[in-house]
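Both complexes below contain chain A, partnered by chain B and then by chain C.
Right, the complex of A and B next:
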C-alpha cells in the first residue's frame, strides 16, 4: 500500500485549508486582536474564518477530484464534494450569525472549534472505512460538546453540554461496539469489503446485534426517537449559534454517512427483489432487516416530535422537537436506499439545515434583546423588526413545507423517492401518508410562532428592535436562498443527480 | 481448556453490559464517565480478539486510535464537569434539572 503523501495532501486540501484557518483564527485572536472591543474581535476573526471556508469551497469548485485513497479511508468524488461544499456553506452562515453575539470572550477558540467540527464533518462525509467513520464522528462530537458549553455565564449551557456529552458518549460506545462486531464478521474495515464478505451470509444473529447498535448510534446523531432525549435540552441550553450548528451541519453529515453505511455496508444478496440484510418495510410484506428497524424509528420520531412540539413555550425547544420530526421524514429517505433517495435526502438535509440556521439566527436576535427565547418574547415582533420577522415567516413556512419554499420541495422529493423504491405496489405508501398527516400537525406550532410575531400585541413599552445591518443582510441572504432553492430546486438537484451518477451509488 | 473467540466475545459483551448498567444506574458523573470508558474498552477487547482470529491487524490499529479518542473524550468530559461545578457546586445527575418542559 504505497501512498504519495503529496497526492494525499492535495486530495485533502479543503480540509487542510479549514484546519489552517482554525489555527489562524486562534493565533490572530491571541496575539493581535486581544485588546480590541469584543465586537471588532468577532468581526475580524469571523472574517478570517469565512475566508477559509470560501477558499476551501473555491478549491473544490476549481479542482474537482475523483479518488479513493488508502482503500476507502478517504474517498473524494463529485458527491462528497457537493456535500462538503454544502457543509462549508452552513459553517459560513453559522459564523456569520454568531458575529453579533456576546456570550463569550474566547472568540478565537469559539471560531476554531466551529471550524474543527466542520473538518470532522468533512472527513465523515469522505469516509468509507469504519475507523475513519468513528474518528471523524468523534472529532465532530467532541467539538460540538464544547461549543454547547461555551456560555460559561449560563448554568444551562454547561448542563446542556453535559447531557449532550453523556448521551453522545453512550451512543459512541454503541456505534463502536456495533462496528467492532461488523469487523469481526467480515474481517475488513472497508465498507465495500464488508458488504462483499456479508453477501452470502444472510442475517447472522451477531449481524443483527451489530446493525441495531449502529442504527442506535446514528439515531442519536440525527436526534431520532427514542435516542432524542438530549436534543431539546441541548438546543435550549447551548448558545444559539452553537445550537444552530448542531442542528444543521452535524445533521447533514450524519444523515449522509448513515445513508452511506446502510447502502454500501448493509445490502446483502438479493432474493425476490429484496436485499437480504436490508429487508423491507413495505406494508404487509415486512422482511426482517435494517429497514423495518429504521421504519419504527422514523414513525416514532414523526409522531413524538410533532405532538410534543405543540406544547412548547420556548422557541428553541420548539425547533428542537420539530428537528426530531424532520429527522423522521429524512429517515424515510434513508430507508428508500436508492440513488434517487440519496439525492433527495441530501437536498432535504441541506435545505433544512439552511432554514434552521436562519430560524436560530432570528431567535438569537430576539434573545439578545429580551434575554429569553419564550414565545411571548416574540409578541408583536413584526412591528418592532419588520425585516427579521419577514425572514422568520419564510423559515417557518419552509419548515412547515409550504410551496414554493425549499421545505416543500424537499418533502415532496423524499416522499416521491420513497414511493418509487416501493414500486410497483407502493409499499412505503403508509409511511408517506403518515408523514404528510404529521406535517399537517406541524403547521399548528409553526403558525403559533408566526401568530405571536404578526398578530399578538406588542408588550407595553416595547420599542423598535435595533438589529445590526450585518445580521439583517445574513438573515436576508438565507431567506433568499430558501426561496431560490424552493423555486428552482434543479439548481441543487441537478448537481446532486449528476454527482451520484458519477460516484456510482 | 482451549480459549476461543467466543470466550473473548462473552467477556467483552459482559463488560459492555456492565458499563451500560453503570451509566444507567449510577448518579455520580465521575462514575458515569468510568462506565462510559468501560463500554469503549469492551469494544476494544472485541476488536483485538477479532483481529487475532481474523488474522489481520486492522482491528489492532483501530484500538490504538480508539484509546487516543477515549482519552480526548474524558478530557472534554472532565472540563464539562468543572464548568458545571463552578456554577452549581454539584457533580450529580439528579441536579441536572434546570431545563424541563
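Right, the complex of A and C next:
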C-alpha cells in the first residue's frame, strides 16, 4: 500500500502542532526561562501551550477534512474534529487553571505532559483500529500517571499515582487480552472488518469473554463501578489540575472511543461501504451480548457513586464519587447505541468535563489558601471570595442537573436518546428511572457544598481570599460556558448532529 | 509433524515456566521467579521461530531475556529479599486467586469446546524478515510507530522527573 507522507501529515496536522508545542514548552523552559521566578515561568510556558492548542483548534476550523488514512488507523471526519476541538478546549482550561499552582518546579515537563496526554486523546478519538486504540490509550494513560505523581513533596500524590498506575496497568492488560481475542476471532484489527468477520459466527463464548474484558478495560478508564477503586484516591492525592484533566479530558476521549467500539457496526461501516450494512447487522445481533454487561456496570456506578458521595468530607473525593455516578449516567448513552445517542453522549461528556474542570479550579483556589480540601475549609467562602463562590454554585448546580445549566440538558438528551432507542419495549426505561431517582439523591451532596459556602459561618479570623485576576477570569469563562451551553444547547448539539450526519453514522 | 511436536513442547514449556514464575512451590526467592521468567521468554521465542518470525524471536531473546531481565535482577537484588521470602501466603488471597483462575480456565475450555475446530485464521502468512518488518513499520504501521516514539518520550520525561531528587 502506498502511503503519502505529506497527505498523512496534513491530516494529522492538529496533533503535530500539539506535539511541537509540547516540545517547545520543554525546550523553552529548559533554556530561556529557567532562572525566572516560577510564576513567570508558568505564565510564559502556559501561554505557549495555550497558543499551541488554539493553533490546532484554528487549523481544524479552517481546514475541515474528511478522510480515512491507513485503513482506519486515522479517521478524520467532522465528528472526530468536533470532539478533538472540545478536547483541546478542555486542555486549554486545564493549563489555565494550573497557572496559579505552586506544587512543582518542573513547569515545562508538566505542560508538555498535559499536551502529550491531549495528543494521545486526539489519536484515540480518530482511531478505528484496535492497535491504534490500544497505543493511544497507553500514551494518554502513561502521561496521566506521571501527572498524578507530579507533586513530589506530597506523599499522597505518590500514593495516588501508584494506585492509578497499578490499576491502570492491570486494566490495560485486560484490554489487550480482550482485543487480542477479538483479533484472534476475526483476523482483522480494523473495527469495520472485525464487525464483518464476526457477522456469521454468532455470539460464541469467546466473543463474550473478549467483550467483558474490553468493557473492563474501558470501565477502568471511565471509572465505573467495580473498576472505580483508584478514582477517589487518585483525585484526592493528585495535584488538583492533574485531577481535573484526568476527570475531564480522559473521560471525554474514553467515552467516545468506548461508544465507538461498542457501536462498531455503525461507525465501522464508514471504512468500506460493503461492510456498512453487514457490520451493523452483526452488532445488532451482539447487542444482546454486551448490553447486560454495561447495564450492570451502569447501575452499580449510579448507586455506589451517589450513595458514597453523601458521606464524603473531602470535596475532591466528593467530586470523584460524583464522577463515578456520572459515568453511570453516560453508560446509559453508550447502551442506547444510535447516532443520536452518540451526539447526546458527547454533549454530556463535554459539558461534564467543562464543569468538572471548573469545580476543580475552585477547589485549587481554596486549597492553595487553606492547605486542604475539606468541606469545612469552604465555610463562608461566599463572603471571602464572592466571584469564585458564584462560579462554584454554577458548577455544582450544573453537576446536579438544574435546568438552565448544561448538566440538565446533558442528562435530558442522554435519557431521551435511551428512551427513543428502546421505544418499542421500553427496554432502557428502568435504567432511566433509576438514573433520575439517583440524580435526586445527588442534590443532597452538591447542596451540602453550597451550604458550606453560602450558609455556614466563616471560621473566626478568616480574611478575604486573594484570588489572582487571571484565575477569576478563567473560572468566570468556564461558568459562562456552562450557562451558555445550557441556555443554548443547540450551539453544540446542532454541530454534533450535523457532523454525525456528515460522518454517515 | 516435527513442527507440531515442537509447538507442543514450547507451548507446554511456556505455560509451565510461566506458572512457576508466579507460584513456585519449592522456592519463594524472587530471583528464582526471574530466572523462570527468562525460561518463559525463551520458550516464547521458540514459538515465534515456529511461526517463521525469526527477527521477533531474536529480539525477544536479546531484549527481553537479555537486557530487560538484567534490569529486573538488578532491582530485585537492590531490594531486601528476606522479608519477601518469609512473608506468609494469605489464605483469602490464595482462595480468591484460585477461584478467579478457575473461572477464566472454565470459560476458555467451554468456549474452545463450543467453537468449531476448523476455525481460526488458517496458515499465517508471516514474513519474518527484517526487510518486510521495516517496510510494514514505515507504511501500514507508520502512525502507531510514531505514536510509540511519543510514548517513549513520555516515559523518559516521567522517569527523569520522578527519579530525580528535588533539591528544594
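Heads up, the rule we're going with is that the second predicted complex is superposed on the first by the 481 of 505 C-alpha atoms of A that agree within 3 Å, B and C clash if a C-alpha of one lies under 4 Å from a C-alpha of the other, contacts with A are read in each partner's own complex, and residues count from 1 in each chain.
Everything that follows uses one rule, which is that a contact is a pair of C-beta atoms (placed from the backbone, for glycine too) under 8 Å apart; a residue touches a chain by one contact, two chains touch by 3 or more.
Note that the structure is predicted; figures quoted are calculated from it, not measured.
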{"item": "Which superposed partner A:311 touches (first chain B, second chain C, both, neither)", "value": "first"}
{"item": "Chain B versus chain C as contact partner of A:74, first or second or both or neither", "value": "second"}
{"item": "Touched partner set for A:8, first chain B, second chain C, both or neither", "value": "second"}
{"item": "A:435 touches, of chain B and chain C: first, second, both or neither?", "value": "neither"}
{"item": "Touched partner set for A:142, first chain B, second chain C, both or neither", "value": "both"}
{"item": "Which superposed partner A:19 touches (first chain B, second chain C, both, neither)", "value": "second"}
{"item": "Partner chain(s) touched by A:233 [first = chain B, second = chain C, both, neither]", "value": "first"}
{"item": "Which of chain B and chain C A:169 touches, first, second, both or neither", "value": "first"}
{"item": "First, second, both or neither for A:205, with chain B first and chain C second", "value": "second"}
{"item": "Interface residues of chain A shared between complexes with chain B and chain C", "value": "131, 135, 138, 142, 145-146, 149, 152, 184, 187"}
{"item": "Chain A-facing residues of chain B, complex", "value": "5, 9, 16, 19-20, 23, 29, 32-33, 36, 39-40, 42-44, 46-47, 49-50, 53-56, 58-59, 61-62, 65-66, 69, 72-73, 76-77, 79-81, 83-84, 86-88, 93, 96, 98-99, 101"}
{"item": "Footprint of chain A on chain C - complex, ascending", "value": "107-108, 110-112, 114-115, 119-121, 139-144, 147-148, 150-151, 153-155, 157-158, 161-162, 166, 168"}
{"item": "Partner chain B, residues of chain A touching it in the complex", "value": "130-131, 134-135, 138, 142, 145-146, 149, 152, 155-156, 158-163, 165-166, 169-170, 172-174, 176-177, 179-181, 183-184, 187-189, 232-233, 236-237, 308, 311-312, 317"}
{"item": "Touching residues on chain A, where the partner in the complex is chain C", "value": "1-3, 5, 8, 12, 19, 26, 69-71, 73-74, 105-106, 109, 112-113, 116, 119-120, 123, 131-132, 135-136, 138-139, 142-143, 145-146, 149-150, 152-153, 184, 187, 201, 204-206, 208-209"}
